[in-house]
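Have a look at these structures, which come just after this line.
Below, subunit A partners subunit B and then partners subunit C, in two separate complexes.
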Partner chain A sequence: MRADPADYRLVSPGNLLGALSLLASEPAQWLPIAGGTDVMVLYSAGKLTNRNLIDIWNIPELRQIEVFPDRISIGAACTYTVLRQHEIVSREFSLLATAASWTGGIANQNRGTLGGNIANASPAADSLPALLVYDAVLTLISVRGERRVPYRTFHTGYKQTILAADELILNISLPRRFSKYFSHARKVGARNAQAISKVCLAALGQVANGAIRDVRLALGSVAPVPLRLNETEKMLTGKEIEPSLIDAARKSVLKEIRPIDDIRSTARYRSAVACNLVTEFLAKLAAEGAAA
Partner chain B sequence: MNPSSAESAKRGISFIVNGEAKKVLAHPMERLLDVLRNNLGLTGAKEGCGEGECGSCAVLLDDMLVNSCLIPIAQANGASVVTIEGMSAHSLMKPLQESFLECGGAQCGICTPGMILAAAHLLDKKLDPTLADIREGLAGNLCRCTGYMQIFEAVAKAARRRVTQ
Partner chain C sequence: MTVRHIIGASVPRKEGWDKVTGAARYVDDMALPGMLHGATVRSTIARGKIKQIHFGPGVDWNEYVVVSAKDIPGKNCIALILDDQPCLASEFVNHPEEPILLLAHPDRPKLRKAVEAVSIEYDSLPALHTIEESERQSTIIWGRDNTFKNFLVEKGDVDAIWKKAAHIVEGEYFTGAQEQLYIENNGVIAAFDPKNGVTVWGSLQCPYYVHKALITLFALPEEKVRVVQMETGGAFGGKEEYPSMIAGHAALLAMKSGRPVKIVYDRMEDMAATTKRHPSRTRHRTAVSKDGRILGGEIEFTIDGGAYATLSSVVLSRGTIHAGGAYYWPNVRIRTKAVATNAPPHGAFRGFGAPQSLFAMERHMDRIAQVVGISPVEVRRRNFLKSGQTTTTEQTIKENIDLDRLLKRALELSDYAAKKKRFAEKNKAGTNRKGIGIAAFLHGAGFTGSGERYLNSLVGAEAGADGIVRVLVSSAEFGQGTNTVLCQIAAEALGLPYENVSIAQPDTSVVPNSGPTVASRTAMIVGKLVQSAARGIKETLTKTGLLHEDYSPEQFRAACKEYIATHGALKSYARYEAPPDVFWDDEKYRGEAYAAFAWAVYVAEVTVDLTTYSVTVDDFVALQEVGRVLHPVLAEGQITGGVAQAIGFALYENVVWQDGRMMNNQMTNYIMPASMDLPPIRVFFEENGNVHGAHGAKGIGELPMDGPAPAILNAVEDATGVRFCSIPLLPEDLFEALRPEFNEQAVPSSVRGIA
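Right, the complex of A and B next:
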């Protein structure tokens, strides 16, 4: 049943301190809303249990992108459109810009935010594998202060995160050391825009003297959380890309992922696609290495 | 404020709609779509899905294409909104209208306001869009009637027409 707007409050403090004070004033009572592309869908379906919302869309500290020599810091409420248009993001973090281009149509990209994608914590979210391979660091903020946490520690289980009830994600920081890597992103879904992924891959790799110098692989929709393939990466590092290595990688991928059957796909299909995506990436990386 | 009694009072919302200053009294979580249709009588934006999937409720909010079914009215406070009704003055309107007519870009018309706004948003940014640009620009707008090709052709034609005009 459709929600009755009279049952909900939405407050717009317009500044960071106001939002944080409100979040802290009544623990776990207030839900932030940024672009609303997840929250409003729940609300419209009558499934939003939080009755008190804080508007964080128009908070300047959450909207800025700062470029430093060694890293870029992206405000949590930056939209997909802003990310796609940003010169450094599109040049040095193409996996993120590509994921942004997949996240619904243009109207959705004009509203949906990176912080919203992270906090919403769907294992199918398209930007999150990119954040894993880029070694993103999150700054979380509350009236108690700030803390910086590696993004890889953020998700603790299906839709579970370390974000405290009084905290906001302030920004997402990415080290600028991957621009020379070969990068490859691929989403498999009913279609790219407007369809939730069945499986998506973000991958980075470097080949030197015929062997893999470094490789970073992350998949969406194959586990309760966005998954970095640590074991497969370790197994691949230092090796030459040849058919036997690709076979071993496929076996290792199957060991690491924990896909499920759901309305969008089956565990079997997801396993096959996950292996194929990693294979495709390794073939491209090998070609890249041979050309270099 | 006591959150357990989350009863919201109506609030004054001031915004610009199609160039005119408007003030409405609304609950902050009322959807922009409903305020446009019910309070302001602007029924060009349609409700198709109500969940951000179809684009039939698209409007421009501070020059950005958005789906008005996903915007709480409080987030439009102080903003400028353009609906299809406000597009008549837009320089792209004539070429878009003519091309949609000639190419059969509209049948039942439910998707058309959103299609036109998405097309205008695209053409405002890209002078000479490729078919891929057009497909991407309209990917968030669903049409149950035309099969899309007529719409893509209409937008391409409007772009060419604008360049030659």
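Right, the complex of A and C next:
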């Protein structure tokens, strides 16, 4: 461990108002810590620059899942284990449940939270593509009040978000209108578990009368932010899945993504695999449509 | 009464209970009164002259003990073979992460900031980072020609053979560095007092290597240096030479501060600064007859030793001797060298050069098969070494080994023929490709050539008045089962129950020098000496008339008690004696390289996923002839673990280098395979015995590291038709080879399986 615990301060208000007041009291001085699975990695490497931490693990409003007729609202500090075990999540939002099952090992899933994954804003984060295709809406809260923002507007650049220094993510709301969609998720990491994604895909689709009625594609690790493939989706909608369409989709994917070379992989590899994952999804969607 | 079935039975591990219950004590579990913590200030550049050292602001330097090369009382080196590696760099640095200063403080977290507050100015010098750069000698970084060691093995007349060849087959093969990744990082505690000298407790494989290094570093007599091995959480060769360095550091701080000092690396420091497997390049040029028989050939094997000589010459030696594999070469010339680069020195790692040169040999055999137009099975069958033939070093194979039969059994166990056919059919469609590959190989047990003779190992056994016999060896337990197997051997020799034998904690003030715990030598060579020492106890008691044949443990105890009452102690020692028929010529590199070889045939089955370009090993058969299995569970564990580690070597573990520094020195980014990446590893043994080993045992610890990588790459070629010659073979490499035409701007069609 490379940090000196004496340099850090951890406060645990235990309630939402206490946490928000503290956040607002000294602007940009306090860092929320939920499961700590990202924060503690930095800490132990001696790279955590924030010295004041607010524990938000034990705030009830952040830990609950509420099910409404038209949506589900997930408290930001719900863990991956909770998500995996939740009946509605696993039935209607399988892309999210699957992403939760990919996220590190059991220990990590017992601590890591969905809100932490969002706020940490890594382009390689596994659950974020799922949130993009499900049209998630975030509720952000501060002493100044609440605001609801579409998740797709949350990331503004590499590790940059619209979250203000005094704000917390309160919950993540997902509309319950995708249960009939065909869904497909695939993570490509350097090994089958406990690996940061080189590319990951979350995809939803519906075929009617041989043509794509609706399609939603999002990729991780191919751009500075988790990426929804808007152009490719537009291009695919209304069309019949055939080899020429898949070719066109691959070309379109390449236009939308902006992968890089880094310590884990190469831009070329990521590009090719991103195309292959979309191809694989479309092939499965076609087979699904043919069977239906 | 004789107690039966201790050898060959899976008795409980001696230290197993303590490990499972958490009672086992590792070095970081230990603290001494007044102890300080130590840390290391390391070079940030690959090569240069140290100009100035600044102790930055923000740190109260009065609180810290600071040691530099000037504080070394003896010779500033880590004594090993050539003594060229400084303990602390004083004028020049030759690799990143080279130790320059040592700091100690009572409060462990206070060290990191201090290390970061030291800044060092350098005049940097040109550095070399690959074998090719080192060979070009654009700058000389070591000795006269950047070369630590050369070997030349010559058998027959290679130059005359080329014109007789129906085919000349060439190939070039590469292997990468690999980190040992023991669970417990390197760590020691050192204490110093003017009267008793230096004592070190540490996580280590070779107590007497550390002992020797400290004697030189401190200019102390032997008896004033004491080294104690603590419970050690894995080693794999990574704690063969490096502990001498960290022990020296802690001891220097202890001497200067007058207090005990603990240094335990974290994972990042351990990965960046300590040894790794030597990267290698092998070139083969082979003359082959029309029917696929090897007529002769040239093998050029080169390893990257890093910045200092350390163990490179011996790693090279083992790689050299294994370069020809398990085949008969009527004529061969093997030229090998270890070269210097400006990386932290590469060092011992399970297999010790053999996995590198055998990777090349076993990939090359598949190449020969293709050129000749026969199967990988047939090419091996036609060239296997047979009893009575000689190896590349002209060692006559005296044991009765039938590799043909071993191969046949491995093929049956893996259902090779049927799978091969099935895969060829299945591979015509879909987005997966399946393949199956084999590797046949050997691994020499014990020190190379005359090594065992030089080691001159000594082993002891001591009986107590309670009738418990204690084995006295410097051979260390680090997970592989040393304690258990040596106690089994002693119990068997004494006709006592396993519980009546114990083993001393390796402590140079207590145990004799039974040599380092390396080279798959412990069960075979040290085991044989343990057997003799134990027998000596029995003989002493029978000769003095205190014990008669067919005794019970009770009678044994009574005899011990009586003997000790009159004589004070009951000890017996056995020293290594070189077998009379083992001869080795160090000059010509010719003769009996090893007292025994273990033999193996491995079969790997893989799937290549064309969507992600990743390779998964689906099934693995490991069949080996090992003389005698002393402990089935431990033996199988060695093979399973070794195969897993070798799968990492082949497909996952990639050290990302930048200017001689490891950039991915974290387990997040240095990827070793985990349980979900590993196939069922099916382990089978054959036991032909071995006159040179205890109960016929041969060494097996390193063997399983040799075969998997080539078997897997052979399988990948079978699956894809693409010839890969370099490991680690990562998905990115497969992608570039399978889709060279891929263009991020215009993607060609690759749509398959659409209805």
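Following the convention adopted for this analysis, the second predicted complex is superposed on the first by the 290 of 292 C-alpha atoms of A that agree within 3 Å, B and C clash if a C-alpha of one lies under 4 Å from a C-alpha of the other, contacts with A are read in each partner's own complex, and residues count from 1 in each chain.
Definition applied: a residue touches a chain if its C-beta (ideal position, glycine included) is under 8 Å from a C-beta of that chain, and two chains touch if they have at least 3 such contacts.
Worth saying up front: this structure is predicted, and the values here are computed from it rather than measured.
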item: Contacts of A:Q29 with subunit B and subunit C, given as first, second, both or neither; value: first
item: Partner chain(s) touched by A:Y269 [first = subunit B, second = subunit C, both, neither]; value: second
item: Subunit B versus subunit C as contact partner of A:P5, first or second or both or neither; value: both
item: Which of subunit B and subunit C A:T37 touches, first, second, both or neither; value: first
item: A:L53 touches, of subunit B and subunit C: first, second, both or neither?; value: first
item: Partner chain(s) touched by A:G116 [first = subunit B, second = subunit C, both, neither]; value: neither
item: Partner chain(s) touched by A:I246 [first = subunit B, second = subunit C, both, neither]; value: second
item: Partner chain in contact with A:G220 - subunit B first, subunit C second, else both or neither; value: neither
item: Partner chain(s) touched by A:A45 [first = subunit B, second = subunit C, both, neither]; value: both
item: Touching both subunit B and subunit C, residues of subunit A; value: 2-3, 5-6, 45, 191-194
item: List of subunit A residues in touch with subunit B within their complex; value: 2-3, 5-12, 26, 29-30, 33, 36-37, 40-41, 43-45, 51-53, 55, 57-58, 81, 101, 104-108, 110-111, 191-194
item: Contacting residues of subunit B [partner subunit A, same complex]; value: 1, 3, 6-8, 26-31, 50-53, 55, 58, 64-67, 69-72, 74-75, 77, 118, 121-122, 136-141
item: Subunit A to subunit C touching residues, read off their complex; value: 1-6, 45-46, 188, 190-196, 198, 241-243, 246-247, 250-251, 254, 263-269, 271-273, 275-277, 279-280, 282-283, 286-287, 290
item: Touching residues on subunit C, where the partner in the complex is subunit A; value: 109-110, 112-113, 266, 268, 431, 610-614, 652, 656, 663-664, 666, 668-669, 671, 673-677, 731-732, 735-736, 739, 742, 744-747, 749-755
